[in-house]
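In this document, chain identifiers A, B, C and D correspond to the written order of the chains, with residue numbering beginning at 1 in each.
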Amino acid sequence: MVKMDVNLGGLRMPTPVATASGTFGYGTEYVGLVDYAKLGAVTAKGIRLDPWPGNPMPRHAEVVGGLVNAIGLQGTGVEAFLSKTLPAYRTVSKVPLIANIWGGSVEEYAAVAARLGDRVEAIEMNVSCPNVKAGGHTFGQDPNVLFEVVAAVRKATARPLLVKLAPNVPSIVPYVKACEDAGADALSLINTIPAMVIDIERRVPVLANRTGGLSGRGVHPVAVKLVYDAHRATKLPILAMGGVYEAKDAIELLLAGATAVAVGTATFTDPGVVAAVHDGIVAYCERHGFASVSDLTGNLQG
Amino acid sequence: MVKMDVNLGGLRMPTPVATASGTFGYGTEYVGLVDYAKLGAVTAKGIRLDPWPGNPMPRHAEVVGGLVNAIGLQGTGVEAFLSKTLPAYRTVSKVPLIANIWGGSVEEYAAVAARLGDRVEAIEMNVSCPNVKAGGHTFGQDPNVLFEVVAAVRKATARPLLVKLAPNVPSIVPYVKACEDAGADALSLINTIPAMVIDIERRVPVLANRTGGLSGRGVHPVAVKLVYDAHRATKLPILAMGGVYEAKDAIELLLAGATAVAVGTATFTDPGVVAAVHDGIVAYCERHGFASVSDLTGNLQG
Amino acid sequence: MRKNEQAKVILHEDCGPGYRLLVLDAPQVAADARPGQFVHVKVPALEASALRRPFSIFNAEDGRLEILYKAVGRGTFALNGVRPGETVEVLGPLGRGFPETCRGTPLLVGGGYGVAPLYFLARRLLQTPKLPNPQTPKLFLGGRTKTDLLALDRFAALGVEVFAATNDGSFGTKGFAVVPLDAELARLRAAGADFELFTCGPDGLLKAVSERAVSLGAPGWISVDRHMVCGVGACYACIQRTVTGNARCCVDGPVFKAEELAW
Amino acid sequence: MRKNEQAKVILHEDCGPGYRLLVLDAPQVAADARPGQFVHVKVPALEASALRRPFSIFNAEDGRLEILYKAVGRGTFALNGVRPGETVEVLGPLGRGFPETCRGTPLLVGGGYGVAPLYFLARRLLQTPKLPNPQTPKLFLGGRTKTDLLALDRFAALGVEVFAATNDGSFGTKGFAVVPLDAELARLRAAGADFELFTCGPDGLLKAVSERAVSLGAPGWISVDRHMVCGVGACYACIQRTVTGNARCCVDGPVFKAEELAW
C-alpha cells in the first residue's frame, strides 16, 4: 500500500493527481467519465468578480503535440459560482476544490478571494491575465507586481494559496521569491506558453484573439525544467502541470520537485488519463520501493 | 517566376531559406544531401575565440514533437574557423555564410566579430550563453546587458549583424528595442526553449548537463507568436526559425513578419526539408499571385 | 448515460465522392442516443494526443451506431483509413438534440453532411406513437451538386418526401434548400397548417431557417456546428452567441431554439 | 557517395528472441557500403518528425542491404512493424568503417548486436585479393545467453572459426568474449604471429579489447556505439572522447583506432 495523500501547502489531497484549471470546467462536466476516486483535487475554471464573456470564436487551434487556446477566461462571476456552480459540484464530488481566480486589478483579486471565504479548499491565482490598471501587462510578468497582488490576496484569505506562474520567463527564480515573500503556500507550474497559429490560405490568425496559449504534450519538457528550477529555489510545494498524458510524465514532474501534478489538455482526448496517471504512480512507487508518493518529490540521484 | 531573393538587413539572400545554427555543422556536412541551390544562407555552428569542448554525453534526448539538446556549443575557435573550416566551406558552396558567434564576455564577442572581418557575409550573435563575468546569467536575459554586448559587436564589425533572441521572455519587445538601439541589422528568432527530460527508471536527468533546449515541431507556434510580436515592434528584418518542417510552417513565419526562415531540427530527420520548403514557398506565391516572396512578410489580412 | 465506448467497426464505405458511412458496434452509446446528439470520436490513425472529432449520430439502431461524414481535413482524412474489425473510441451520446415530438408537419432542412442528424430524427418522429397530429416529415435538402445530396435512399425507405436543391441545378431545384422550403411554407400557411422547422447544415442555411421560424412564429430547432475540444462542456471552446450570452454548443446545444440564437 | 535512398523491404524476419533481420533493396547505398559503416534509418511507423536511428551494415551484396537489430526502445519496436513491400528511407553509407586489409590474423570480437558489422567485415577480408599474409578471420563472440549469439550460421558459411562465450554458460565458454580471445592472443604471441583486433559491442568489451591492442602493440579497430542525431557530423551529439579531444562518432568514427580513444 503506497501512501498517496499529499499536503500541498495546507491543502490535503487524497492523491497527488489534480485537474488543471480551464480543462475541467467547474468540476461537474466529466462526472461518469473521469474516476473521481483517483483525484486529489479539482481545479475549477477561472473566475473573477463579475461574469466574463471570454474571446470571440474561434478559440482554439490544434497543433501537432498540443493545443493553442484563447478561451479568454469566459466564466461565471464569483456570486454565481458560490450560489450555483459550487453547490452543484458538492452534490457530485467529495474531492477538494481549488478555485482559480483572476482579476483586472489587485483589488479585484483580493475581493474575489475574500468573497470565496472558506467555501473552497484552496485558491489558485492565475496571474497570466492583463493588469488593466497597469496598462495591460500581465500581473505575473514583473516580480514586483506579482508580489503586490499575491500579498493582497494573502491578506484576503486564510485558505491555502497557490500562485500559478507563467513559463515564458528568463528565470523562474525571482517570481518564486516574490510568491514566497508575499506569503503564498504553494506554486502552480506551468500555465500555457504564448503561441500563435496562422491560416496561410486565408492569411489570418486562426484564433479570433490572434494569439493564444500552447498546452499539451509538447510543453512537457518545458514544464519539467521550470519545476526543477523552482524546486531548487524554494521550499514551497509545487503543483505541476504541462503535458501530462501518462504516468511517466507525472513522475518526471514529481522527481523534478513537484508535490502533486495536474492533468489538463490530455483529458480532452482521453478522460481516462487521470486514472491511468494515478494507477501508474502507484505501480511505480511499488516497483521502486517507495512507501509514499511524497518520497518522489525532488528525488533525483546525484 | 517568383522573385525569391531577399535582403536581410544588408545580407543578400538568393532565397529566403537558410539553415539554423548548430543544426548544419559548418556548412559542409550535408553536401550531396541538401540542395544548396535552394538555400539563401547557411548559418554555421557557434564559434567563440578559442575552441570549446561542449558538454559531456548524453547531449540530446528525443521527445514527442521535438528534441532537447545540450550540445554545449562545442566548436572550433575562430582561428581554426578562418584557416580551415571556412575555406573548406567555400570550396563546396557559393551560398552566403552567416557566422554564429558567442563568448563569455562582451569583449570576447567583439573580438570574435572583429577577427572575422569581412570573411563571412553576416554575423549572428547567440546571446543565450552564460555571461561569465556577470555571474552566469545569459547575455540575452537582461535588455541592458543585451544592449551592451550588441553595441560592442556593432562597433567591431561592418557586416550585417543579426542578434538571435531567446524565446523565454515575458515580452520580446524590450529585447527587440535593445537590439535596435544598439545598431543590429536584423533579428533571429527563436533559439531553443529551456527544457528537461528525466529518466524515471534511473531517476536522473537524461542529459549530462541536466537541462537543455527544446527545438523542433512542437516549438513552432511559439516561434510564430514571437516573430509576430517582434515584427510589430520593429522595422528590423527577421530571420525566423523554430519547428519548420514543411512549407506551411515557413509561410506562417513569413506572414507573421519574417523576411527569411531557417530550417533546423527538421533536417536531421529529413535533409530534403530545405528544398521542399523552398519549392513550397514558390508554389504558394504563384498560387496566391505574389510576385515576390518579400510580399509575404507580415502580410496578414485585417 | 454517456459512455466512452470501444466500438468495433462493422462497415466503412463510400457514399459519394468525399463522403463515407461508418457503422460501429457501440451498444452502450447507441442505446441512449437521441436525434441531434453527437459522438466525440478519437481518430485512431492520428497521434495519441490529437483532439477528438465530433460527428452527429446519423442513426442508432440495434446496438449499431452510424456516422455519415465528409473528409475535410487531417482528422477526417485519417478516419478514412480505419478498417472493419478495428476499434474506434467514441464518447457519447453528447449534447442536447432535437425534440422527438412535433406539432404539425416536421419540416427538415439539411445542407451537405447536415443531413446526418435529420435522418435519425425522421426515423424517431415516425416511431413516436403519440405524436399530436402525426405527420410524415418532409425533407428539404441542399448541396452544391447532385453527389452532395446524401442518404436519399434511406429517406425514401422511410417514406419521407424529399425536396432537393442543388446550386448547380444538377438535381432538384436550382438554388438553395430554402427555395423549395419557401414554397412549402407558403402552402402550409395558406392551408393554416401547423409545422415545425428542424435544421442542420452550414451557418448560412441555419440563419435562413431561423429567420423564417422566428418571423412565422413557428418552432425552429437549429443544430449548430462549432469546432469542439472537450465535447462535454468543460473547455468553453465551442461557443455560440445566444440572447442570454455565450452558450456552449456541446452541452447547451448543438440544437438551439431559433429565437435563442444571436448570430 | 552517401545517398538518402527509398528502400523497399525484401525480408524482415526474427532471428532469435528480440532480434530481427531486415533486408532492403537499396542498390545505391549498398554499392558503396564498407564494413563498419552504418546507415541512418527513418522509421516509417514513428511520427514524421522523429529522429532517425543508426544501424551498422550487417551485409551489402547485390544491391541488397542487410541490418541485424535488437528491439530496445520506441524506434526499434516501431521498426518491428515494417512489412515486406513497404518502403524505408535509409541514409548512407555513413561514417568511417574498418580497414579492409589486415596484417596477420584478423581477430573479430563482438558482443550482442555488435556482431553485425563484423560479418560484413569478415566477408570483405576474405574477398580482398591482395591481403598481405591473408588469413581467415576468427570471431570471438559474447552474449548474455545462447540466443544473444547471432548469425553463427552466416559466419560458418564463410568458414570463419567462432569462439563463443556466454555469461550464463549456455553456449561456448562461460564468461565474456575476452576469455577465449585471451587464449588465442597468448597462442598467437607465443607463435610470434601478426594479428589485428576488430571489435564492436558494449563499451565494457570495447575497453577490454582496446587495452589489449594497446598493451600488445597490435592494431585495434574499435567501433563505438553512441546515440546519434544527424549521423553526418553536423550536430555534435555523438561524441567520443579521444586523445585529441571530442570526436564525432558518426564521421570521425564509428571505428576508431584503439590508441586514439580516451574513455
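Quick note on the criterion: contacts are C-beta pairs under 8 Å (C-beta built on N, C-alpha and C of every residue); 3 or more make two chains touch, one makes a residue touch a chain.
Every value quoted in this text rests on a predicted model; they were computed, and no experiment measured them.
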{"item": "Separation of chain C from chain B in steps, with touching chains one step apart", "value": "2"}
{"item": "Graph separation of chain A and chain B (steps between touching chains)", "value": "1"}
{"item": "Chain separated most widely from chain A, comparing mean CA positions", "value": "D"}
{"item": "Inter-chain pair with the most contacting C-beta pairs", "value": "A-B"}
{"item": "Whole-Å gap separating chain A and chain D, where each centre is the average of the chain's CA atoms", "value": "50"}
{"item": "CA centroid of chain B to CA centroid of chain D, Å", "value": "36"}
{"item": "Intercentroid distance (Cα basis), chain D paired with chain C, Å", "value": "61"}
{"item": "Multi-chain contact residues (two or more partners), chain B", "value": "64-66, 217"}
{"item": "Two or more partner chains touched - positions in chain D", "value": "47, 49"}
{"item": "Arrangement of touching chains [line / ring / star / complete / other]", "value": "line"}
{"item": "Which pairs of chains touch, using the document's own definition", "value": "A-B, A-C, B-D"}
{"item": "Residue ranges of chain A touching chain C (in the complex, touch as defined)", "value": "22-25, 29-30, 32-33, 45, 51, 53-54, 57-60, 62, 64-67, 69, 71, 74, 216-217, 245, 265-272"}
{"item": "Touch list for chain C against partner chain A, complex", "value": "1-2, 4, 42, 47-52, 89, 91, 226-227, 229-230, 232-237, 239, 245-246, 251"}
{"item": "Residues of chain A that touch chain B when the two form their complex", "value": "63-66, 68, 137-138, 140-142, 166-171, 193-198, 200, 202-205, 210-211, 214, 217-222, 224-226, 228, 248, 251-252, 255-256, 284, 299-302"}
